[in-house]
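Following are the structures in question.
There are two complexes below, and they share chain A, which is joined by chain B in the first and by chain C in the second.
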Partner chain A sequence: MGRLLARLLPGFSWCCALALTAAVATLVWFLLRGGLPAFNADLLFGGTRAIDALLLRRQVFDGLFPALFGTVAMVLLAVSLAVPVGVAAGIYMAEYAGGWSKHLLSLVFDVLAGIPSIVIGLSGFALAIVLHRSFDGRLGPCLLLSALALAFLVLPYLVRSTQTALEGVDPLLRHTALTLGASKLQNIFLVLLPNRLADLTGGIILAVGRCAEDTAVIMLTGVVASAGVPDSMLRQYEALPFYVYYMSSQYTGPEELQKGYAAAILLMIICSLLFVLAFMAQRRLKSWLLYR
Partner chain B sequence: MQPTTKIHTNGLSFYYGKMQVLQDVSVELQDRRITAITGPSGSGKSSFLSVLNRMWTEIPGVHLQGEAHIRLGGQLHDLCDKRQPAQHLRRKVGMVFQTPNPLPMSIYRNVAFPLKLSGCSDRQQIAAQVESALRRTLLWDEVKDLLKKDARQLSGGQQQRLCIARSLVLEPEVLLLDEPTSALDVAASAGIEDLLLALKQDCTLVLVSHYLDQVKRLADKVYRVDNGRMVQL
Partner chain C sequence: MPILSRTLERLFFLAAIGSALLTAAIFLLLCQLGKPLFQHGGLGTLLCSPWNPGHGQYGIYPMIVGSLSIAFLSVLISFPFSLGCAFFITHFGPLALRRKLLNLVRFMTSIPTVVYGFVALFLLVPFMREYLTGGSGLNILTASLMLAVLIAPTMIIFFVDSLQRVPLSYRQAVDALGGSPAQQLLYVVLPMAWPGILNGLLLGLGRAMGDTLISLMLAGNAVAVPTAMTQAARTLTAHIALVMAADFASMEFQSIFACGIFLYLFTALLIVALRLVGRLSPRGL
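Then we have the complex of A and B:
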């Protein structure tokens, strides 16, 4: 029985890996089939000249550029809000918390990770209403609010990935710098974190992906179907996932549907670019920190 | 405590949680001598070393009883007081482990690392001290063209000499060695032993070793740990 299982397991695992790869390939093929015909010069900028749009001299109304801009701005803003807090909380969990406080905080972060995004969206919406009332309608759903809510959504990933990264450091390495006279802070920032940059980047990549795809949070906190490129963080904005969602339910003809597919492809391209960027930044930073 | 005494303990007991690891240890270690500590595995030799550089404070659940003092720069330091900062002490009490433990960074940065930790930012001074430490451990000629290479690419014996150089770069008064040759081959061990004898000129060495012949070759004074008690041989 045991021998049979040992024989079957590799085959089964291989099939599972193949099934996953096939699923991804099918998905990409499906998107490309639906969206590729819409990839032309007008897709991003519509009737507006590209240079005018890129320099924000003229708004684009029939292209995906504002949604693309909105998504990138939102992801960068949300991740840059979440990373310092998440990494710091992860450092606290791994290096300072102990006993009951660690158990309690672990529970809190697990609960946070389990909150459905629509609930976080609703909380953001409630906050928007409060702001709207307190500031005479000058504040309300906007890019900044979306980014804050999304940062909240991805915090648990960052806390956990930082914590497991630090806790996974080999005990000998952990004690090496201390025996050389390093303070606890020096040990964390000069040895432990630099050696675990890859794991940290993994957490950040997860966070980027989660921010880029989320629709529930942003549709309650500031995204709209048509806003152009926002001129401040306190304005409403467009985003690719919302555009995809909007087109899938409201399209009026095959051309709009194709643009919806194209937006989904664009979203994937952006995510991949951000992943590559994060990975390259990690490599550079590591060699700069450790091998100069 | 006599002026030639570097380290002195009186009735020292070491507890790991409720387990007693060292019992009523009273020893005197002389300045610029090699003191060897032998004994079976798990008898508390490494625990004793962890008292001397205050690494015991980093291990959860450890507490001490009794007295332990070390004389650094002419001043006595209490090793049992958990509240005293350990960083300054550890810069003067170096430690070399059984397995060579180069940090995962370049050779140069490994040796320069303790200087950076202590706040030294003068590049020329750092470069000079790195070179002198690597020369003292007879490693300079082997690595001078590889300084930017990952230290983990060196051989075991070279790595161990690198770790000793890294400890020496701060010019410590005491060097703790926890079975420094047990992961090395005969030739590399002989190299390390010669190095230790040379270091005796300016450093107090505390050597934990399993090898009795090594202890005979090197030590001025030998203690044996058995069931948590330390007796002089």
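Then we have the complex of A and C:
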């Protein structure tokens, strides 16, 4: 039995590797075949002049610009909410927490990281119901609410990446400034964090990617199929992932479907660019900062 | 200066405690809004009765069955496949290809879920309809197949990580005794790395349970209890997404909070299980 298994194993593993590569290649090929013809100037702005749309002077009705704008605005908002809290909590976990409180907190953060995104979205929606009741219907699902829920979704990743980054500092380096008389806080901000800037940045970029791709949270907290560019944070908005989802079931003709493909490609390009950026940050940022 | 530093340290503390409390607050919020449902018939009937709003039955049993069967089936498909890929990366692949496959796997984690679902809807679903399952092509098997692809990167990365953490000296000992890479894997590396493998498996299961888009787009969303792989089913996550449109005060709407609570508890239990597995690992592997 064992001998037979040992003989079959390499072949099996080759098959798996080939199948995986084939699956990804098929996915990319299929998207490109369906969406590339739609990649032209009209894709983003439809009939509207690009400069008018970019300066928000005129609404775009048949282009992807509002969805792209919504995604970017939502991600920026969510990340700027989540990063300060996440990094601060990560610093606490790595440098201050100890004993049972550290165990308990890290268990809680693990649970938070594991909660399905739709449940986070649902609690965002529940919050909207509560707000709706107490503010007499003026607050409902909106861009700000989505950003809050998304911030909460990526919070545990930020905490964990900050914590592991700080805990990975060489003990020699960790104690040098302290023995020279630096305070704990000076040590954190002047030695530990700069030393781990690359990992920190990588973690933040990955959080951005996570926000950009998520569909489940936003579909409960304020994204809609057509809203144009929102003029305030308390408005509903469009987003690329939701556009892709919506088009997959509600397309009315081949042209709209092609736009769905194009939106999927656009989303994938954004996410993989962010991913490559995070990858490079973790490797290169340090040397770039040192030799600049 | 001391005031500033003390304020900052207090802020760090507040950030950590605040985030932890919010995690608990989510659970309480879900329970609070789902309360009318518990009063209506108790938890047991809720979890075990069928979904039949016409007859006043709002049980989420079909969705639980749907979620569990799709999640377990996808893990069942994905596990051997991911293990094979992980073996390729650590043992069998030519050196030049190992790194490339690992990078491909990492790249896969960055592909948005909705893109997987979109491609599957126009590529896998017609294929299933024509050749394998018939019907609409939207069923448990289709969703599980795509979900298997989606959770594979998570599993592969964890497997590779735990396989590589087996000390080099052990592996070299097998080489020195004339063992083949496959023998090394079977008799030395796997017996030592299994807690890590189990960890990856559980994480994959968690991802499969929590995924919304794939099952929403591919599983067909029927509310009957599925009895075969080729039938349509609705998952808890998809149920939450679908019922959103309904009226706020209805029982239908409140049942989604029961789904939320179930998913939350499932996650929490899974994480605790992961912790226990972590304790099992020999010598900190």
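Here is the rule we use: the second predicted complex is superposed on the first by the 244 of 292 C-alpha atoms of A that agree within 3 Å, B and C clash if a C-alpha of one lies under 4 Å from a C-alpha of the other, contacts with A are read in each partner's own complex, and residues count from 1 in each chain.
One rule holds for everything that comes next: a contact is a pair of C-beta atoms (placed from the backbone, for glycine too) under 8 Å apart; a residue touches a chain by one contact, two chains touch by 3 or more.
None of these values were measured; they are calculated from a predicted model.
Chemist: Now for A:Leu131: first (chain B), second (chain C), both, or neither, which partner does it touch?
Modeler: neither
Chemist: Scan A:Thr176 for contacts with chain B and chain C and give back first, second, both or neither.
Modeler: A:Thr176: touches chain B, not chain C.
Chemist: By residue count, is chain A touched more by chain B or by chain C?
Modeler: C
Chemist: I'd like to know which partner A:Val191 touches here: chain B for first, chain C for second, both or neither.
Modeler: In the superposition, A:Val191 contacts chain B only.
Chemist: With the two structures laid over each other on chain A, which partner does A:Val72 touch: chain B (first), chain C (second), both, or neither?
Modeler: A:Val72: touches no partner chain.
Chemist: Quick one: classify A:Ile91 as touching chain B (first), chain C (second), both or neither.
Modeler: A:Ile91 contacts chain C only, not chain B.
Chemist: Show me the chain A residues, by the header's touch rule, that chain B contacts in one structure and chain C contacts in the other.
Modeler: Correct list for chain A: 183.
Chemist: Can you tell me which positions in chain A touch chain B when the two form their complex?
Modeler: 98, 172-173, 175-183, 186, 190-191, 195, 290-292
Chemist: State the interface residues of chain C toward chain A in the complex, per the touch definition above.
Modeler: By the definition above, chain C touches chain A via 5, 8-9, 11-16, 18-20, 22-24, 26, 29-30, 33, 80-85, 87-89, 91-93, 97, 101, 104-119, 121-123, 149, 152, 180-183, 185-187, 206, 209-213, 217, 237, 240-241, 244, 248, 256-257, 260, 263-264, 267-268, 270-272, 274-275.
Chemist: For the complex, give me every residue of chain B touching chain A.
Modeler: Touch list, chain B to chain A: 53, 55, 58, 60, 86-88, 90-91, 94-95, 97, 99, 101, 103-106, 109, 113-114, 116-118, 148, 150, 166-167, 170.
Chemist: Would you pull the chain A residues touching chain C in the complex into a rising list?
Modeler: 2, 5-7, 9-10, 12-17, 19-21, 23-24, 26-27, 30-31, 34, 84-86, 88-89, 91-93, 95-97, 104-105, 107-112, 114-123, 125-127, 129-130, 152, 155-156, 159, 183-185, 209, 212-213, 215-216, 219-220, 241-242, 244-245, 248-249, 260-261, 264, 267-268, 271-272, 274-275, 279
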